[in-house]
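Each structure below is given as structure tokens.
Next come two complexes, and both contain chain A; in the first it sits with chain B, in the second with chain C.
Entry: the complex of A and B
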């Protein structure tokens, strides 16, 4: 093997496909910015050219860093994520800047500046992880430690967290505040992957008969799965976070199916979740309110149903091609019709201004991320890594699907973010981490990581 | 139509067109990958990677596996092991249903999986290490 394949001797490797796609992304974002500027100012010019240039420069820097590192990592993920992030930035520039204001030292940053800062930080995390992570041993060896730390994080949020909009998700620790459930989704995927890979054959083949031809895996091996169901329902009850519960459980079922190939178990799992959900809706008022709003938002059009109705109107105003960036979302009495448009309803804003064509393109980008993740999983060297990669990609895809369906009133609305597009520091940073891990694990390098030293020496002597 | 409205429309449509151009290029790249992978069906079930060996096969060699793969010193074996501690017909790897199984064919020095001697047919997971004589191999997932 050549020196380039040995760790410590990186040789730059040109990434032509990534460069080409990034150029298309840059062109698309510039056109979007131009469209927004033309609508807003009536003259040909960019809105906030510094912000756009900074973001494109960050993408170019990530590309150059990956070229310099010389690893054979995926070339499609970065452009796809870069386009989604750029659309999020466009949206942040288009919305009123005083939606989120934060004082950083002497400077007061508005929505677009903050979004740009978080996006660049997320890209930095992604590229650092993509270049430095060579082995997944630190993830798979300590799976119970990771699971315990995840549950601990959840408990900490419950005890020390602060309530925002009736859900207890935000953890304030002095200067740092964040939403731990965002990090929890990565930790849980690590645990699922390790647990399912270990028990794959047992879960699929050692079946116990229940009724007739219906069989389930033996109880001791199902215990972790049962705990997951309990955890998901616990999050609904204690944290009042319906979205995170749906996300965790859906990703778990997907990985269970990938690991065992058993359709019956997945149908059973969905059935159990629905039964649990109905029971919860009967017992807990906040779940019942969500479901009632979903079934009939017009029952309380100025209260609980307000945002949902406004989102539906926004989609309807958008039509096929949209009203154009900057031409939608009229303010009602000096206020936005959808107060949480930058966090929970970015898809409604995109649907209004870019129309169905734009929404489908954005959803297509998420599909690309998932397809790429599954491709990386299919090429992975062993089961743990395959399930890990599939799970990481599915977290992004399923989360986008849940909030998009919520925006469109297909399922009850939940307060999770649209990955890479919604405003939110924790969400962007964690998604950056996910992209970084996917990139790192997509490395098709000729030397597998974590080789014992003895093997390499003897291998050299053998030739 | 005045020129401003025209320009607004042109740029709006160009933006949407650019989004779809991006998607089309990505889909083309994905399809190309899938085609490249399906053109080479060998080793779809799994691969055996030699991680350490004192003789042939050399460390670093990769063997795409068929559903039944025999290992041994016999030249008729699917994977020929030129190792002094290997028997002529040493072991067989079989893909049954969902996973791989390894079976020792009554060899003189035995077959080790992750350092443990094999008795009967033992399920072999991806990432497991197989040792015959001085040859250490790892079972890896196929390329597809």
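Entry: the complex of A and C
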């Protein structure tokens, strides 16, 4: 791989570690596909070999593009995300294809084909962002613009959005429909990072005494934090999206801690959220119902508690090692026990077919992604970039934890996606964007971008 | 999970906090792991074997339940497919309704069909290893067959002999505990309940019947035992040493006419005037079923001794069995006297099977089987093996419930029971149980219920007395005297069973 580098073009850089890990991922996905084929057809053969090959080819293309670009970016993120996406694709192949059907031109695409299309698009976004984004100036300079546009997007969704399953999350603009709250995650992280980096010293040092030794930052600096709390609780009430609220607020608190180092503020923040949530539950019946269903789904086993109970049964049927891909999820009268298995309960499906071992492997993959993201944050050159990277990584890790905990009845069930595995175009594309940004910001190039002291050197070519 | 960057870089202002945050997140994921472990390991069995589990329901609708076979390989239950291809159950005979139960899409399952649902449906993994191995085999479209110890012909005969009466028969092999027949009447139409076309009507008929056919009287019915309980008193007296086979009570002959005064209450007898002034010993008292002698024996044994023997026989707790059994009781409990008796009157009455004593037919069959098996109580069982669709046989091991009394004491009781059937005076009550060419040991019971109704007719016994191969308990609700209804019924059962034996 030592192609002669042309002047002005980057010198390709071998990514040995990424290649090795990708080969492992390819092997694991091929094995999974074979086992699904064995269960389904009784003979050793691949299920939808074109889909698997296309996906592996896409991963290989991303790898080659990164090699060609020659940037010194993280080599573990892509394989970890690739494995999660591949598991999601395998699950989509295993589920009934008519769960989602969409007419695209002359072709009618089923669940697996659509998931593959979105996955490949997400990879394209990730690699384009990873190669082209060099500076985060455009993100940090306009933080209030971003924040305003995010709130605007949210308001637009509420006014123009369509209700799906009792929550208003989908914005339907003619041919294009999507869930803006997915993009809002990134926008909010950008805003948090910029705002907290700017005010971290003030938030940490200028304290006002409340009671005894308990101090909080002075009111003017707390205003944005208070707004954030109001926004989160507002999302619970108005959009009925408890998952997004928890995600935004948890990421905000994490970044607040990173910026100020004040554990007291974080505990106070959690307490305020819980108090606010309890008050909401007392006032709004739909919040109360959600909590009641969480505490005792068996009170209404065929109604509100149905999906939760079915998910727990799926976990139980899986046991330690699972039933094997394709052998679980028994259908009764042609119906899957969990209707929203591909969006809200993929972990329950994996828990049944791959067992607790599979659940732990998937959770482990998310931890790898977060660990890499936090590592990139720790190595970042300045506060904004560190908070930005940590926030982006946390969005993935916290979101996965929230939906997993909901599936396992550890917290109330929420309708957010399991990153990279759940079906859903908006979610996959935005997660692709996050991976792309993390990759771009992990560049260990000789000159850290965005430093005021030195002008940034372009590229690494011709060195 | 390291968050340390490469050395020699500029100061990383957030490094330490990133490490602590990573730790917090790792703890959250650890919590998720615990959650997964709770549902996937700790609660796995209880949830996935629940009848409302989608896996069980799906298996019920697609997997063909294994057959249920009798001891000779006769099919007792098999499956057919309805118009839509979903299987439903067909039972060979309504006489089997009590032990087999039913499996219905609408009404769930009962009996062996419920107790062994996961084996019959092939979803039952017994251990994680075989469950893991099962993943690599083609999916079973058929569950395991159950091989039972029942004899179809004996089961049919028992139900036929009970006729239109309500009652129960339990016959078992005293050496192994293998249940040969377990009848409860009236029976119900289990095939009708299982068949989707007739399910509702058949189930409504069974639940609406005032005679409660869905109650398995053999294991769930609790009856006043009357004189068959004297065998329990004999076990208690002999094994505690309170009495011996030679024990006599001088006051007994006089009490026959005047009644035995216990704490101001008179225990009356008077159904064997022909013994006159004879002072009865253990065997004679058993032969003529003397209530006075047994009341005195019970008083001498005491509440604690009675309770001890009853508990060893399995009173006071469900009997370990394939199906859920009701517990038999010696007293209502709570009385001030040892064993929970309220007073000596209750103890004296309990000694000959009245008082607050309530027993299941299975428990009394086990009492007979214990004497027949030289004092060791066999553990009863219905299912002897599972046969997989590929023909692999997995035997179910039998066992005992332990020694209840010594071999010598058992021999003494056996001799007394033999005299009760074959003795000159015993024949007056029990001749119906006799089998030509075979010595039968047994005891009748006539359980007074108070009020004006006919008493329950009881018999327990075993044969051949020298080397028993069958023990039996029969109860016919309001069937009159033990000797007139239950004993002849048992005799017919013993005759048929022993004639079929080579």
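As a convention for this text, the second predicted complex is superposed on the first by the 440 of 463 C-alpha atoms of A that agree within 3 Å, B and C clash if a C-alpha of one lies under 4 Å from a C-alpha of the other, contacts with A are read in each partner's own complex, and residues count from 1 in each chain.
Everything below uses one rule, namely that a residue touches a chain if its C-beta (ideal position, glycine included) is under 8 Å from a C-beta of that chain, and two chains touch if they have at least 3 such contacts.
Remember, it's a predicted structure, so these values are computed and weren't measured experimentally.
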| item | value |
| --- | --- |
| First, second, both or neither for A:320, with chain B first and chain C second | second |
| Contacts of A:205 with chain B and chain C, given as first, second, both or neither | first |
| First, second, both or neither for A:371, with chain B first and chain C second | both |
| First (chain B), second (chain C), both or neither touched by A:404 | second |
| First, second, both or neither for A:432, with chain B first and chain C second | neither |
| First (chain B), second (chain C), both or neither touched by A:34 | first |
| First, second, both or neither for A:258, with chain B first and chain C second | second |
| A:269 touches, of chain B and chain C: first, second, both or neither? | neither |
| Partner chain in contact with A:44 - chain B first, chain C second, else both or neither | first |
| Touching both chain C and chain B, counted on chain A across the two superposed complexes | 39, 42, 261, 321, 324, 355, 371, 375, 378-381, 383, 386 |
| Residues on chain B engaged by chain A in the complex (per definition of touch) | 4, 7-9, 11-16, 18-23, 25-27, 29-30, 33, 49, 51-55, 58-60, 97-99, 123, 125-127, 136, 140-141, 143-144 |
| In the complex, chain C residues that touch chain A | 1-6, 9-10, 12-15, 17-19, 21-22, 25-26, 28-29, 31-33, 35-41, 43-48, 50, 52-55, 57-59, 61, 128, 131-132, 135, 138-139 |
| Interfacial residue positions of chain A with respect to chain B in the complex | 1, 17, 20-21, 24-25, 27-28, 31-32, 34-35, 38-39, 42, 44, 75-76, 79-80, 83, 197, 200-201, 204-205, 261, 321-322, 324-325, 354-355, 357-358, 361-362, 364-365, 368, 371-372, 375, 378-384, 386, 448, 451-452, 454-456, 458-459, 462-463 |
| Chain C-touching residues of chain A, taken from the complex the two chains share | 39, 42, 254, 257-259, 261, 301, 310, 312-321, 323-324, 327, 330-333, 337, 351, 355-356, 359-360, 363, 366-367, 370-371, 374-375, 377-381, 383, 386-387, 390, 394, 397-398, 401, 404-405, 408-410 |
